[in-house]
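These notes open a run of structures that come right after.
In what follows, chain A forms one complex with chain B and a second complex with chain C.
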Partner chain A sequence: MAHVGAPWAQRLGLALLLLALLVTPPFLPPYLLTLLTQTLIYAILAMSLDLTLGYTGLASLGHAAYLGLGAYSVGILATRWGAGFWMALLVGIALATAVAAVFGLVALRATGVYFLMITLALGMVVWGLANRWVSLTRGDNGISPVPRPVLGLPWSFGRALPFYYLALVGFVLALVVLRVIVRSPFGATLIGIRESESRMRTLGYHVWLHKYLAFVISGAVGGFAGVLWAYYNGFVTPSDLDLSVSIEVLLMVALGGRGTLLGPALGAGVIVLLKNLVSVYTQRWLLILGLVYVGTIRYAPEGIAGALMQWRRWMQRARAA
Partner chain B sequence: MEFWVTQLFNGVSYGALLFLLAGGLSLIFGMMRIVNMTHGSHYLLGAYLALTFLTRTGSYVLALLGGALAIAVLGVIEWDRFLQGLRGQELAQVLTTMGLALIFQDLALVTWGGDPYNLKIPAVLSGKYHLGTFFFPVYRVFIIVVALGVAVVLWLVVERTRVGAMMRATVDDAEMARGVGINVSGISLGVFALGAALAAVAGVVAGGFLGIYPGADFEILSYAFVVVIVGGLGSLRGALIGSLLVGLLDNFGKALFPELSYFTLFAPMAAILAVRPTGLFGRA
Partner chain C sequence: MTPVLSLTRVSKSFGGLAALSDVSLSVGPGERRAIIGPNGAGKTTLFSLISGEALPSGGEILLFGRDVTRLAPHRRAALGLARTYQITNLFPRLTAFANCVLAAQALRPMKLHPHRDLRRYPEVLHRAGEVLAAVGLAGKADATVQDLSHGEQRQLEIALAIAGTPRLLLLDEPTAGLSPAESTTMTTLLKGLDPSITLLVIEHDMDVAFALTDRITVLHYGKVVADGLRHEVTANPLVQEIYLGVA
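Presenting the complex of A and B:
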């Protein structure tokens, strides 16, 4: 799953996308703006999962746990101790990283279906705590209201537009960090592990350590998404880290195209828009979401990015003929 | 003393229900390595269908059998149309079955609405047994009996029949089994249908005391996964012991440490997996 277009075309596309994300929001209707903010945050989560799922070949069924850890860190720190943005950000990411570091030790003992099941189980541990450790998390009621962050800047993040730009900064940061990682020798090794673990082992690479680091980084970035999510939503509930969220993130990555970073971000956009817009027009949005799940695997198993690549190949062949 | 006996009994009867549910899931997992998110849907749809059959026919037995049979047919269609081609692709399996589960959830909502129902249990099964100072609801005893019956039949089939030997061969090495002339896809289809039917039976039985309501499908699904993970994929013995363990942990967890009740369920599971990634009785 290499690049969708030629390097220059890809770079141009990325530049145009970022430009559009930068320039258009002030002209968008408020509802669309909040959906776009939501998209950016979910895009960070989807890209973080892409590091493990797309690049390393590890399908995790518990990724929402890291979103939850980041979000609950903010919820608890901001409402109980009045902690500021930087403190909450630091703790949120640190907690997600630490938990991923422990979970990785357990989960990476398994592969394939067993890896799926262990990550599911570990995700449920966190979900269970969020649900029942009422004195800390307030259980089902969740934590609210989480105040919007104050950064000492001239803009109030209580308003939708400045907060959108905050999310955009977060998105670009996550994109840059993950892009640097996947294009580094470390990232190349991850791809090698995805393609053939035994070959990489034979070549002398420390396969387990690479997988472990990818798992922990993925968790850390997931925690970052959770921090923004809590501030965006203004409340944190156990449903933020439900099993269905973990699966939805998997869908975002699969729909966009595994191992492309921007593909999963696009997948996040499609799902967020679909979920919110479809439910405006019809009660049957669960049905439609279900059809998207089934249809993605049936008709676009390599996702949107894969479909684009195929289209490009067709065009080339047509030109050659 | 009374507390312990009551909780023990409740834990065991809940474990029995979980076995009905997880036995089939474990076989499906073990044999086809399929992550089946629709297992909870089979449970819930089975219960809903039984509810309809019960109001139409008035017979509990017909409702139970009808629900199980209908869901077995649904399982056959699912396997044939969607899952057969996804062998070895875990992500595709998770997403496809999740999609199907969402579709089923919505269709159930359209058909039966959002109100919770209770499946009316026959008079024979209501009431309580008195044993000294203890009371045991007949219905919960009935669940334990059904689960034991299913366990014995499954065990006999798997361990003592020719079909069972083929099933075990398929679990151990599907390729080799195909090589020696076993109809692996036929066996897989049968097991998937059986697993679906068992889930439906669990749903019907649970409809009598846990109720039938939207969302029960995913609620019970995580429990079924826990049982299968702890017991080991594809192991009936593992499913049985896992069910008891989870039933008891869940009950005592909720009674003794309500604040940590899910934690007391999932954390031991994670601990078991840390030591044995393939579960208690699973083989890699």
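Presenting the complex of A and C:
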């Protein structure tokens, strides 16, 4: 419900995108492959935020915390206890879920900008822990080296291309899970809450519970992104859960198009590309980020996906006329 | 018989302002009751207290014989209470049909299912189509709320309210802002509702109030000043003073 666009067109677009992601990487230059891998992982994070921001209408400014929790789980488990991929994955997601379950209790007492401020503060708590709990996190120095995962497969994930495909599998998995959720009865209730919380309440919905579940699921998927992120980088530092990461993710969702899942994934691509491009020329990445944000709000408030849909509707109308 | 709704000395103040004071009210099963009164009399506040969107400062509210004074709105809805809003409160960017789907699944446990496509719940889709047709909007199923006329939005308000087959329905000025023709359509629609539904209607238009209801409660400055059958209330000198300004 509330999905714009003819189903076949959407499905065709999705199939083409996945095909491109599957077929082209072996022919890409290494640097581009790196960016694409980063994009896929950030896309998971952005899609997870889209569940709360885009579908439920909860703007969180602390989403990097879940990326950090997943990443630190891997860093600590893999370097101290030599834990394998599956164990690290399990713990990473479980920890992010548990922390989201606690943060949700606190943050969902507020709405709007107050919710934003609380999530910001909670995010900074995790960031502070990463910085100060030196015995566990090694503070500023971060944890390295995190070995690439060994899955008992014939390919070594130490190489860029196999790891890219691992990230792709993770991305598709997250996309499928989130897509099933947003199209379910539960997903519809999230959209309803975004549109009118008071109406949902008098219709008979326990609005808080639905928001809370969305918040926790979002954190869990964010933790999943963090697990991949740590394995990808080979190290974990507090900067992985910096405020600027939360802002970047928020922007990926806004730029790509809230409430579309694939839009934020696209937004992740744009931001990752832009960030790497800009850093060649200037240190003022945050300034550029701010400009992109202002531009998005001014010229495409519904993001890239929204602009595309509008363009399509416009074309339809032109054809009908 | 247990009253459907019973209020005992219910009060609500916002800071120093008493919006309602000592309101007592009892509505029997199947009754159709109008709440009238000048602007600011506390009519909508009364509805918010009954629906649970606001909590009373004092007094007791019973729904279907059960004390719900401090019960959350969604729990009251589950008991069989539904309401509409004076200022249209719909899901503006969704289609009329999607609006009804959200209303139709609101009281079903499947609303928490995260794993199956919503389109695979035929009973919910069927119910949504049913209520949409019941308010005369079958042809507008795919129109988003934003693209509906004001009158159609008011009709959709009714569809959402009846989707969960409520036993008590609170209608907050169903004809607000409607043209005379639309108002007639709305009145006919409301008269056609299942007679077993108990109705409480806030209405400014006396013709509509008289057409829909048999009993009238008059609120004035947060107090019940008259309560009775239509002719009793209209004959009440205080009501005449309030409405006609007769000294």
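Operating definition for what follows: the second predicted complex is superposed on the first by the 309 of 321 C-alpha atoms of A that agree within 3 Å, B and C clash if a C-alpha of one lies under 4 Å from a C-alpha of the other, contacts with A are read in each partner's own complex, and residues count from 1 in each chain.
Here is the rule we go by: a contact is a pair of C-beta atoms (placed from the backbone, for glycine too) under 8 Å apart; a residue touches a chain by one contact, two chains touch by 3 or more.
Predicted model only: the values in this text are computed from it and were never measured.
Contact with chain B, but none with chain C, is seen for A:135 once the two complexes are overlaid on the shared chain. In the superposition on chain A, A:124 makes contact with chain B only, while chain C stays out of contact range. Of the two partner chains, chain C is the only one touched by A:207; chain B is not. Touch counts on chain A: comparing chain C and chain B, the chain ahead is B. In the superposition on chain A, no contact is made by A:156 with either chain B or chain C. Residue contacts after overlaying the shared chain place A:185 against chain C, while chain B stays out of touching range. Once the two complexes are overlaid on the shared chain, A:196 sits against chain C while remaining clear of chain B. After overlaying the two complexes on the shared chain, residue contacts for A:247 are found with chain B alone; chain C is out of touch. Contacts of chain A with chain B, set against its contacts with chain C after fitting on chain A, share not one residue. Of all residues in chain A, those touching chain B in their complex are 53, 59, 61, 105-106, 109-110, 112-114, 116-118, 120-122, 124-125, 127-129, 131-135, 243-244, 247, 250-251, 254, 284, 286-287, 289-298, 301.
Across the complex, chain C meets chain A through its residues 51-53, 72-74, 77-78, 82-83, 85, 89-95, 98, 101-103, 105-107, 110-119, 121, 124, 160, 163-164. Residue ranges of chain A in contact with chain C, taken from their complex: 1-2, 180-181, 183-189, 191-192, 195-196, 198-207, 210, 213, 217.
Those residues of chain B lying in contact with chain A across their complex are 29, 33, 35, 37, 82, 86, 90-92, 94-96, 98-107, 109-110, 218, 221-222, 225-226, 228-229, 233, 258-263, 265-267, 269-270, 273-274, 277-278, 284.
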